[in-house]
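Can you keep this structure in mind? I'll have questions shortly.
As written, the chain order gives the labels A, B, C, D, E and F, with residue 1 at the start of each chain.
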Amino acid sequence: MVIHSRKLLTIITEAALEGTLIRDVERLGAQGYTITDARGKGRQGVRNAGWEASSNIRMEILCDADTATAIADHLRQHYYEDYAMTLFLVEVGVWRPEKF
Amino acid sequence: MVIHSRKLLTIITEAALEGTLIRDVERLGAQGYTITDARGKGRQGVRNAGWEASSNIRMEILCDADTATAIADHLRQHYYEDYAMTLFLVEVGVWRPEKF
Amino acid sequence: MVIHSRKLLTIITEAALEGTLIRDVERLGAQGYTITDARGKGRQGVRNAGWEASSNIRMEILCDADTATAIADHLRQHYYEDYAMTLFLVEVGVWRPEKF
Amino acid sequence: MDPIILFFVLGLGSGLLRSELRLPSAVYDFLSILLLLAIGLKGGIELAKQPFADLLPQMSAVLALGFLLPLVAYPVLRRVGRFKRADSASIAAHYGSVSVGTYAVAVAYLVNRQIYFEEHMPLLLVLLEIPAILVGIVLARGLSRQTKWGVVAHEVFLGKGIVLLMGGLLIGWIAGPAGTEAISPLFFDLFKGVLALFLLEMGILTAGQIGSLRRYGLFLLGFGMGMPVFSAVVGTALALLLGLSVGGTTMLAILAASASYIAVPAAMRISVPEANPTLSLAAALGVTFPFNVLLGIPLYHAMAVQAQAFWGG
Amino acid sequence: MDPIILFFVLGLGSGLLRSELRLPSAVYDFLSILLLLAIGLKGGIELAKQPFADLLPQMSAVLALGFLLPLVAYPVLRRVGRFKRADSASIAAHYGSVSVGTYAVAVAYLVNRQIYFEEHMPLLLVLLEIPAILVGIVLARGLSRQTKWGVVAHEVFLGKGIVLLMGGLLIGWIAGPAGTEAISPLFFDLFKGVLALFLLEMGILTAGQIGSLRRYGLFLLGFGMGMPVFSAVVGTALALLLGLSVGGTTMLAILAASASYIAVPAAMRISVPEANPTLSLAAALGVTFPFNVLLGIPLYHAMAVQAQAFWGG
Amino acid sequence: MDPIILFFVLGLGSGLLRSELRLPSAVYDFLSILLLLAIGLKGGIELAKQPFADLLPQMSAVLALGFLLPLVAYPVLRRVGRFKRADSASIAAHYGSVSVGTYAVAVAYLVNRQIYFEEHMPLLLVLLEIPAILVGIVLARGLSRQTKWGVVAHEVFLGKGIVLLMGGLLIGWIAGPAGTEAISPLFFDLFKGVLALFLLEMGILTAGQIGSLRRYGLFLLGFGMGMPVFSAVVGTALALLLGLSVGGTTMLAILAASASYIAVPAAMRISVPEANPTLSLAAALGVTFPFNVLLGIPLYHAMAVQAQAFWGG
């Protein structure tokens, strides 16, 4: 089957934001998302998952380019300044484009 | 050292499929795999990891394009209809191509 | 906002290496990293997370091409032979390039 | 009111109010492992006290019950509920099997009221778990050659729940009351506390099913309460035939009435994947579990008392 | 020395020496859940024994205390500490609220010495957790229309800690001493052991704060010890007014003196995100928690004894 | 048969039958932490009862034992087993050190039979863990300058196992029997139940080693049973020299006979990475652990009884 091109937006941020983030990305057009627990280090120092206040999540959203941009813009405006947050975008191939 | 091009196939699906999936991808030529626990939402609703029946796994397979296609085709034929399952493919660079 | 190109280096290796690895990648120029727990199979057999000695981590580092190469070279020289370790590199887009 | 029920209500309430309260899945697993082993051990210790042969009639009767109940449920689901074949078969299998959580609450209920019951019940629990799964698969597929019975058997007999229950049973049986004394602080003294925490999480999980329940409508709600009452009547009748005590009758009724939400979902997912798991979970977990725990147990107990008074020996 | 304190010291030491020792986060969660429920249950059981109306004065006084303390802390942080508005408000909220871990250590301390205290303290604990959060938000934002009070209320009242404490309280209240007997092996007999493990992890977490503490300097260190002593004096005075026992006075002092590191950080992160969470955690967890646990509790106890001797009735 | 052994057999059986049964890793960690702390505490409480100086001879003897055993094992592995230098050194280190799990089973065995043993054994356990690691590194690398001894020391002395054992020991020592009473329900009353669950998981882990064992052949199988018997003889002899009781002799034999599968693998992975960890784990966990638990302990006990009868004082 032919492969279609889509975007994978990955968001690494504070676990405390999970609920809010889910609401936001669904409102902005994400058809789904996947979350794993993570730990890490960045501008805001070490966040190593021992307990809630210092643990990260890693959220992935498969979507088209516009949705990815809309979500990224929203996140940068509302959360990037005040929260530990890292965003990146990857070009991916999918087989069932209608899903995303 | 020179970088070689390979494929990374990512499969997000129900935790209950882990054993079956491992058997299938090895039979179809995967030399290895990596699995993390995940939660998420898609066509089949919210799957948020509280307990086995509703948790996801995220499996990654580094391989050549043919193996990736073979695995993806097999999965779509056998599981895609009945299980929560998302697939995507990324172009990656590796240093030891003989491994995959 | 305009998207800049960076590299995402992913390292899948033995959980026992976490501390050493963090020290090494920071010394080699990584501005941050993200780690998730993982299990898997490769050259060195099944590593399925039941207990420390047989569990994996999956570390991601967003950085520029030179840092990625430096880290990959270092890892291949010092760990690749003796430890379970898999490396791959993906081209990603980021919005705040100064961070990485 | 028994505090363990209050823990269930607390979980249900905080789930419905969308509190972020959740037990980590490792903790939920830990609690289930403790409960399953404790129930198995308890049963095994009692088996050690009596001749095994005496139990064979009860064991056969319970196996028959496990084949019967899903065969009754299936046509109702298919004709009245208008569910697809696979879905009907899967839901029927859930209701033919048993819920260990419900059983544990019933144990607490009877022990609390110091009502005697035949202590080898865990053996019957294990036996009742299995036949409905096989019936469910055959109902969905017919006796097709395609079914990989090896895989099914592996899934059924080596699933976590059965291994822990059976393992506990065997260990209790071999080691006997004296042998297991040293491990009783963990498995028996903590039992009700562990059950309380388990029910807290069950309440949260139940709350999570309300959404799907709303979607799939009234029939599931009715079935989720009618089917257990029917099964309890059958269980009660069987208990009378077998000459069980009032407590034992209550127990057999609750075993029949409860619907599986662990072993059967896992087995159905592998063996009848085209069945929609949301349907059976919404019914078994969203309706029948709370119904049995909150209303069913006292109801079946009252029924057992009446039945024994009229027909019991 | 009480062994639970030694567990804290063990955690602290191995953290400072960079040992790899850590409790898995699921285990930490499990221990917190047990502690919160146990404290709630204990309080609820005592509430069942006395007329609720008698407690209203104490409850109102404690609510007032929760509004007062952050209002005192804020100007100190803003003027003397020269922190930004949001940071001052957030730290003030932490110190106006309470730490359940500190409370648990104080319980162990008093029980160990067989000192009576009013057992409904968990009710006051719950009440004291909340007002400071509201004050903190208003200090940071003013009474702005923008604040989503619905979201704030959800975060505050349905956060894990409050749900478990309140839930335990209600369950204990409804079920009473007899009803909760069967679950006491898990919640009460294991209490001190669970607390010991919890303090082990708290020691490790505290060690992890030393780095940020070094970065943010002397003022936080001073504030982290001065503020609790001040709050303890206020708490002691209030306890005298309310006519509490020596144990109860110690308890109210420690409630006032302790600084939240669970409920408030979570609430502030959502409601005042521009506040730097590292600052408040370094102070509450890196300074005030160890200070209270190691020195504060005996100090406040001595203070309560003196105060009761001079002014007490 | 002791039920904790049956739990091991249950784990082994369900692992071999490829059941999906597993304890979540957080639970496994939790159980290990409880066991390590309990063993340490127990030893510390006993240390509090006797003058420390009396133990110095035993402590030195055990340290010497820890240096000796790997030096005996190494040439056998290198010459007879034909393993590479690094592999021989690493396996030798595993067998020179001790297994806390095996020790715990031996404690249960002796306590069950009410056989007295010197209760400061946990101190000897800690001491015996360490020298073999150093010997292993030197055997693999020579006294090379390249070895980062700082890193090695950190890994050895601040590894989770040693910190918890030593920490428990110190806490028990300082707090004494009275001080630790309040935490005994968690650490001591639950000990055997916790050990049972731990052994369940150990059985599953052991089953996972059978595959590698098959690959690496007969020599490992022989070594995995011959080496512990040899070590047990040495341990028994040493115990006679030191004038230990029958129980103490059994204990020293089992300490000598057991092979590490936690501390040493971690240390070797960092310090001798070119050694293949599969080899040593297959031997220590796949052969020696079950051998000791199922056959070794009664065997060494019988040996101790005989030895004490012939030569004991």
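What we mean here is this: a contact is a pair of C-beta atoms (placed from the backbone, for glycine too) under 8 Å apart; a residue touches a chain by one contact, two chains touch by 3 or more.
Just so you know, these numbers come straight off a predicted model, no measurement behind them.
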List every chain that touches both chain C and chain E.
A, F
Number of steps on the shortest touching-chain route linking chain A and chain F:
2
Tell me, please, which chain's centre (mean of its C-alpha atoms) is farthest from the centre of chain E?
B
Pair joined by more contacting C-beta pairs (A-E or B-C)
B-C
Per mean C-alpha coordinates, the chain lying farthest from chain F is A
Mind checking the centre-to-centre distance between chain B and chain D? Centres are C-alpha means, answer in whole Å.
34
Just how far, in Å, is the C-alpha centre of chain D from the one of chain C?
46
How big is the gap, in whole Å, between where the Cα atoms of chain D centre and where those of chain F centre?
41
Among chain D residues, those touching two or more other chains are 20, 23-27, 30, 185, 189-190
Sites on chain A at which at least two other chains make contact:
36-37, 90-91
Chain pairs in mutual contact under the definition given at the outset
A-B, A-C, A-E, B-C, B-D, C-F, D-E, D-F, E-F
Residue ranges of chain A in contact with chain E within the complex:
14, 16, 20, 44-45, 49-53, 55, 79, 81-83
Residues of chain F touching chain D in their complex?
1-4, 6-7, 10, 14, 17-21, 23-27, 30, 108, 112, 185, 189-190, 192-194, 196-197
Could you list, by residue number, the parts of chain F that touch chain C in their complex?
22-23, 25, 28, 201, 204-205, 208, 212, 261-262, 265-266, 269-270, 273-274, 277-278, 281
So in the complex, the part of chain F that touches chain E is made up of which residues?
24-27, 29-30, 33, 37, 154, 158-160, 163-164, 167, 170-171, 174-175, 179-180, 182-187, 190
Listed in rising order, chain B residues that touch chain C in their complex are 1, 3, 6, 8, 22, 31-37, 62, 90-96, 99
